[in-house]
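Listed after this line are the structures, all set down as structure tokens.
The same chain A turns up in both complexes below, where it pairs with chain B and then with chain C.
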Partner chain A sequence: MRKYHLVRRADARLKRTLIYYAIGILVSLIIGAIILVALGINPLDYYGRMFTIGLVGNRYGYKSIEGLLKIFVPLLITSLALSLSFKMRFWNIGGEGEFLIGAIAASIVAFNSTGMPNFVTVLLMCLAAMISSGIIGIAVAALKVKFNTNETLMTLMINYIMLYVIRYIGETKADWNFFLRDDSERPKFGTFPDSAVMAGIPIGQFKLLWSVLIALALTAIVFVYLKYTKQGYEISVVGDSSATAKYAGMSVGKIVLRTMFISSAMIGLAAALAVSSAGTISDTITNNVGWTGIIVAWLSKLSVPAVFVTSVLISILQYGCQAAATQYPAIDSNYADLLQGIILFSVLVADFAANFKIVRKEDAKNA
Partner chain B sequence: MKKLISMVVAAALAVTSVFALAGCSSANGGNGGGSKASFKVGAIYINSQNDTSGYTYAHHKGVTEGMKKVGLDPAKDLFIVDNVPEDDEKVKQAIDQLAGNGCNIIFGISFGYINAFEEKAKEYPDIIFSHATGYLSNDKNFNNYFGRIYQARYLAGIAAGYKSLALGNNNIGYVSAWGTEYAETCSGINAFAMGCMAVNPDAKVSVYEISTWGDQQLERQAAETLIDTYGCCVIAQHCDSSQPQIVANEKGVFGCGYNSDMTTEAPAAHLTAPIWNWDVYYATAMKAAMEDPANFMTKVGIYYEGLNAGLVDISPLSSNCEPETKEAVELAKNLMKNGEWDVFSGVKLSFSGSAGSVAVEKTNAALVTNDGAEIVAAGGPSVEDGVITGSMNYYVEGVTQVN
Partner chain C sequence: MEYAIELKGITKSFGPVAANKNINLSLAKGEILALLGENGSGKTTLMNMLSGIYMPDSGSIFIDGKKVEINSPEDSGKLGIGMVHQHFKLVERFTALENIRIGIRNEGRFLHGADVRKKIEDTAAKFGFDIDLDKVVANMAVSEKQTLEILKVLCYGAKIIILDEPTAVLTVQEIERLFAVLRKMKEEGHSIIIITHKLNEVMAISDRVAVLRHGEYIDTVVTKETNEKTLTELMVGRKIELNIERPVMDKTHPLLEIRDLTVKNDEGAIAVDHINFYIRGGEMLGVAGIAGSGQKELCEAIAGLRKIEEGQMIHEGESIVGMSPKKILEHGISMSFIPEDRLGMGLAPSMSITDNMILKNYNESKGIFVDRKTARIEAQKVIDRLEVVTPSTETPVRRLSGGNVQKVLLGREIKSGPNVLITAYPVRGLDINSSYTIYNILNEQKKKGVGILFVGEDLDVMLALCDKIMVICHGRLQGVVNSDHTTKEDIGLMMTGTVNIVNKEGKTDGIAKDSAITDEEGKA
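Right, the complex of A and B next:
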């Protein structure tokens, strides 16, 4: 005897969605404030520091911006890449693993690049990462096309396989292992030679890394690709209905393979840019973009401009949470994570509320 | 629906305004942009400062107590970035944050922070960088610090040795994060075993390696295996939680904890635990950095102290200890404090006599590994500190790894 049930709103409007988002964020900030007050901290003061990513009173503010961009670039590219495959209804949740494959491939080039010109090295790193991640993407897509395997499971498992591969590399002291510092008795990842470290354009003390410009250009390219090219159109047709695509004479298998290659290769590129900017590799290099990217893609409804905006906001949230937590000895990063989680959850609930409504059964019948 | 939303919004507004007021009246919190003259301390932790036990807890306690000793207020002058993995990029960002907040000295407590500390010490010459457990330094603003915890483990070994003698069971167990891969764990196991054998020459130490610094489930299983399969009567440990002691308590055997006095967790089992008094170092380092930062490296430099400075010690002996333990521990402790004797040398200590008349005897005996290789000749001097902290990768006679 269900009296109420959910109905999708026929008139989904942007304005209402934004208002709901605002309410969601407000509610989550209030929950966060309750905890802050309980710890004896002024929430307004704390949130002020959080949303200004700790820039106020910071001696090296330009470094905060650099740090923020280092979080932003991989997240943006990964989210774009995931949007591509999601648009085709190919559930690629292997972003973490694809990222790590790219990071390892790029690092192999980087650690062996002593003496090579910087531009050439970074280009080779990007290519190595894109090809190796792309191949894994194609492999999973081929299994799906050929044997109709479940791509969610396949991509998910790549994450764990690659995580353990990189941990193995990081913890194994051996002659072949050029990833590690030579002079350390304990296994410890080394740093790249200068030839493999991302360069940038100095603006005063601030250094605008090339990776940022590459990410911006890539955003524009993906936007055009999806909106104005035949291949982009094919992706959305396959996503809407692969039967329709087949009927229209499209080769669905080919489209799936191609798109997954592009999607994984982009994630590989994000990894190459990330390791090059960091000048090293580690098992936490992904910064969870493979997971966060899924949230970004869905919050953005797979729209490229929205992915851009959401990536900016989530990067600010992540960086700001840590920056604010640093300034209060009582606040640890668990609080920062908690607050991020509450905010994201509230926004998702708000999104749901903006698109669905609860109606009584009788009303539904009359409607 | 509309009504509901407007109610939620109204409630939200009401609640925020209340908090805004409450916030104003509560402590000022936050400390960014304080007066420029004040001295600020930065710390980078592997876990959270709000932990209630374990490695980060011990360091955080040391930092805050050290700050109080030198007249700093941890609520105002301390900046922390916590849960920082051993990832150079994340450590560098943490350092940038702390530098941006005006920290004068930055402590990093985990080994894997080493690359980032080395690099950032060059970038910020005015800030002092101090790195625990590492091996790098420079001559201006970058040192490393650690302690002779093996000395405390030797003392705990004495307590375990007396217990095994009293029980007539020579099997002693040791739950260890790592085995011979890390000199830190390896030297600890060896020192503990030598302490056991100084009292009970027939003692055998069985090591169970769990291959991670902390995993409560694995620590528990390791202790159970050592007791049930290998018949161990005392369980020592080099891992994060008190699970091995809790298991010893449940199974009616005894144990030596680590990092904190685990008698509360295992009242019927715990003997004593090797502990760190990190505040000894932190106070020394902060004082030097406050008074004369330019000469930090000559005044503090590479810091590696032991029982003599009070940096390491054992927790008070519990009532579970055998009566002879107290005197024997004091005798050994004094020899090490005075620098007359050290663990990894060609001289062995042996204890004899009953409570009230315990005597220690020194005999020349080579330091030999469990596969017969001689490390130090009989009567020879102690191995170098670099071996103890960096390259020791063998077990001494009497130690076997069971997994």
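Right, the complex of A and C next:
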């Protein structure tokens, strides 16, 4: 005989949810600490270093902020883009592939931009990336609309196709391949000419890249787009019930195509900003944002302000681990992925606990 | 007297909502107990606790005088309780035999064993079921599926059978047949609980009636010693007017005319087969037919959501064939269809009342932004006028009760001021009070000169509410009858295809054509 059963909580209070989330994160940090202790590392020291992302006692602290922002910008934009398609219940898990297409397109412009003005080059890179990623997004959406193919499968496959395309480019020494360095025997990606490197506003030694401002502006735009515009409204309706959207006279196919174009184009933009900020391209340029972005979007429950906050936290986690890893040879940035996984899991449990409660039968009787 | 089932002090809450409060109920052996109550009175919740789907928060259940605990449908089955759900639980691709066989445990390894077949056949014969065991469920009519469901629980050895609104999907003749089976089961010593909204059925079949209201147990009365009026009072708690108003209007010219309309369903089969009719202003035309006779396809075709194969659709002298749904809406034809789950079409359940209010006209405001300010005012107007019970205009529609959901939907449809209102199953699953509110809303529209096409289920309601009733069977028109000059039985016979008055000479009711528009004009 079952003594306990689950009851959905009547009221979804934000305060309780936040407290449960905090507990979840705390528990994951404790699990992380156990791993650290097992490796012979003082967890307090390590976490201290991680959460201050190597700022404390560092003469070049501004470098840390710059490094953090380079992780943060692509993650934020990609997560926003994925939220957009998830809101429509279009399971775009092709963030990685769409990012790589954008990165390649932007690099084609970059490598051929010697002598062009910086502003024009970067703008062209962004446009090239957005259009090429956007077209792939539309292609997947069109297959879905026309033939009802499974978008999860399609977008997933794009990830692998693009991963191997960029590896091919990166490992093929040939006359046509302007991606690679001329002066190296081994195939190696070249660096962009100065014209293609992201500029910024100098604040003391620190340089605030334009890409950061673009990302912030984009966050505000997506927030308004989803919440207040007609197109955002259409996305919500299609996501909630496509039969209803159809009954309301919306052309569901068009909305899906348009939204997937915007979503993929944004990921392309993230890629263009990333390669331009890095000044080069590589097959690890995505830094897994296509995957991490999915986590961010769901942890945030597709809410734009929450996506912003979560992106900040995940970026600190990732960059902090990189920064701390320089002090601890026993541990590297993979620890960030591990911790991230544990946190995601704990937060999901916390979310469940915030929405349901376990009731003992006897208690229920007395209630 | 020993009871088959006794419930004592059963309470069940979903969050803050108490679906059942301290319910006491008893079912004698070999009796048919009708469980009566408005929507949301807790009937289905209570029965789900007997079938092991929910567990009571408190209270006890006694089966044959012994206290039991039902933690799963399996427990329930072992105790001899069988439930026939409103929505059938059958494997569509399996035959009748296979559907029954998969639930039989501990009896051989083979699906088509002769002994099992024999057993099922015997049971079917004993209760007088007419069923083809080798027929695939997907090819069965609704009544056959229901027969199969009942046979299934009997084969599993159920002594207590619970039927959740079994008559909702049946025609008059099929209901009679079902009742005959139930009486047979009763003779064999089975105890039956039947959930229904329909008082005439309660009077016809039950021995006693238990009444629930708002989750509370009201009373149990002996059917012979009561009447429909008393039961209604018990059920709703106060006297209600049983007569549905039917204002008689000066009918204007035909607003919408349908000629030779042929439409296919999703599977590509003909769903609407050369149907002719028209709707005039100030008139309500009912559409009667067994579920799945082409009602949905007809509605969707008129609303421009489904391609038509053949025929003409003329609205105020203009052909609407091939127009986009939006264009048709702008012409003044509004369509609302309440599907079985009540939310699937026409409403976005997770979105607020405000957001649902503007679903069909969000695009009319200027600029790129949605005009929620006006929408909120409109939502409040609908809430006030139709007495929608909701905490606020920003409450997600999902959180409202069935009746309020439907009020929101209808409120939106009439807000745009259509001149043709097509409404399918607007009172589906609603209690009497909510239903009357909906009828009043429709009548008000009719008084304004709107032409209404009312696709309905309950013939009593349609006879009372509609001016004329068009009967369809398998997508074919069986005739149009005047509500004042017909009977339920006549309509029932037409619904089953037994009678077709379309081809009878001298019957002007059968085919309706707008003489003002010639065939040539219509085609243009």
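Convention: the second predicted complex is superposed on the first by the 338 of 367 C-alpha atoms of A that agree within 3 Å, B and C clash if a C-alpha of one lies under 4 Å from a C-alpha of the other, contacts with A are read in each partner's own complex, and residues count from 1 in each chain.
Definition applied: a residue touches a chain if its C-beta (ideal position, glycine included) is under 8 Å from a C-beta of that chain, and two chains touch if they have at least 3 such contacts.
For clarity, every value in this text was computed on a predicted model and none was experimentally measured.
By the touch criterion stated above, A:326 is placed in contact with chain B alone, chain C being left untouched. By the touch criterion defined above, A:204 reaches neither chain B nor chain C. Set against each other, chain B and chain C differ in how many residues of chain A they touch, and the higher count belongs to B. When the two complexes are overlaid on their common chain A, residue A:46 makes contact with chain B while staying clear of chain C. Once the two complexes are overlaid on the shared chain, A:228 sits against chain C while remaining clear of chain B. By the touch criterion stated above, A:240 is placed in contact with chain C alone, chain B being left untouched. Within the complex, the chain A residues that touch chain C are 1-2, 5, 7-11, 228-233, 236-237, 240-241, 243-249, 359, 361, 364-365, 367. Interface residues of chain B, counted against chain A in their complex, comprise 1, 5, 8-9, 12, 15-16, 19-20, 22-24, 26-33, 48-50, 74-75, 78-83, 85-90, 92-94, 96-102, 111-112, 114-115, 119, 135, 181-183, 390-391.
Across the interface of their complex, chain B is touched by residues 23, 26-27, 30, 33-34, 36-37, 40-46, 49, 54, 56-61, 63-64, 66-67, 70, 173, 181, 184-186, 188-191, 277-280, 282-285, 322-323, 325-330, 332-334, 357-358 of chain A.
Those residues of chain C lying in contact with chain A across their complex are 14-17, 55, 57-58, 69, 71, 303-305, 324-326, 329, 335, 337, 343-351, 355, 358-360, 362-363, 368-370, 372.
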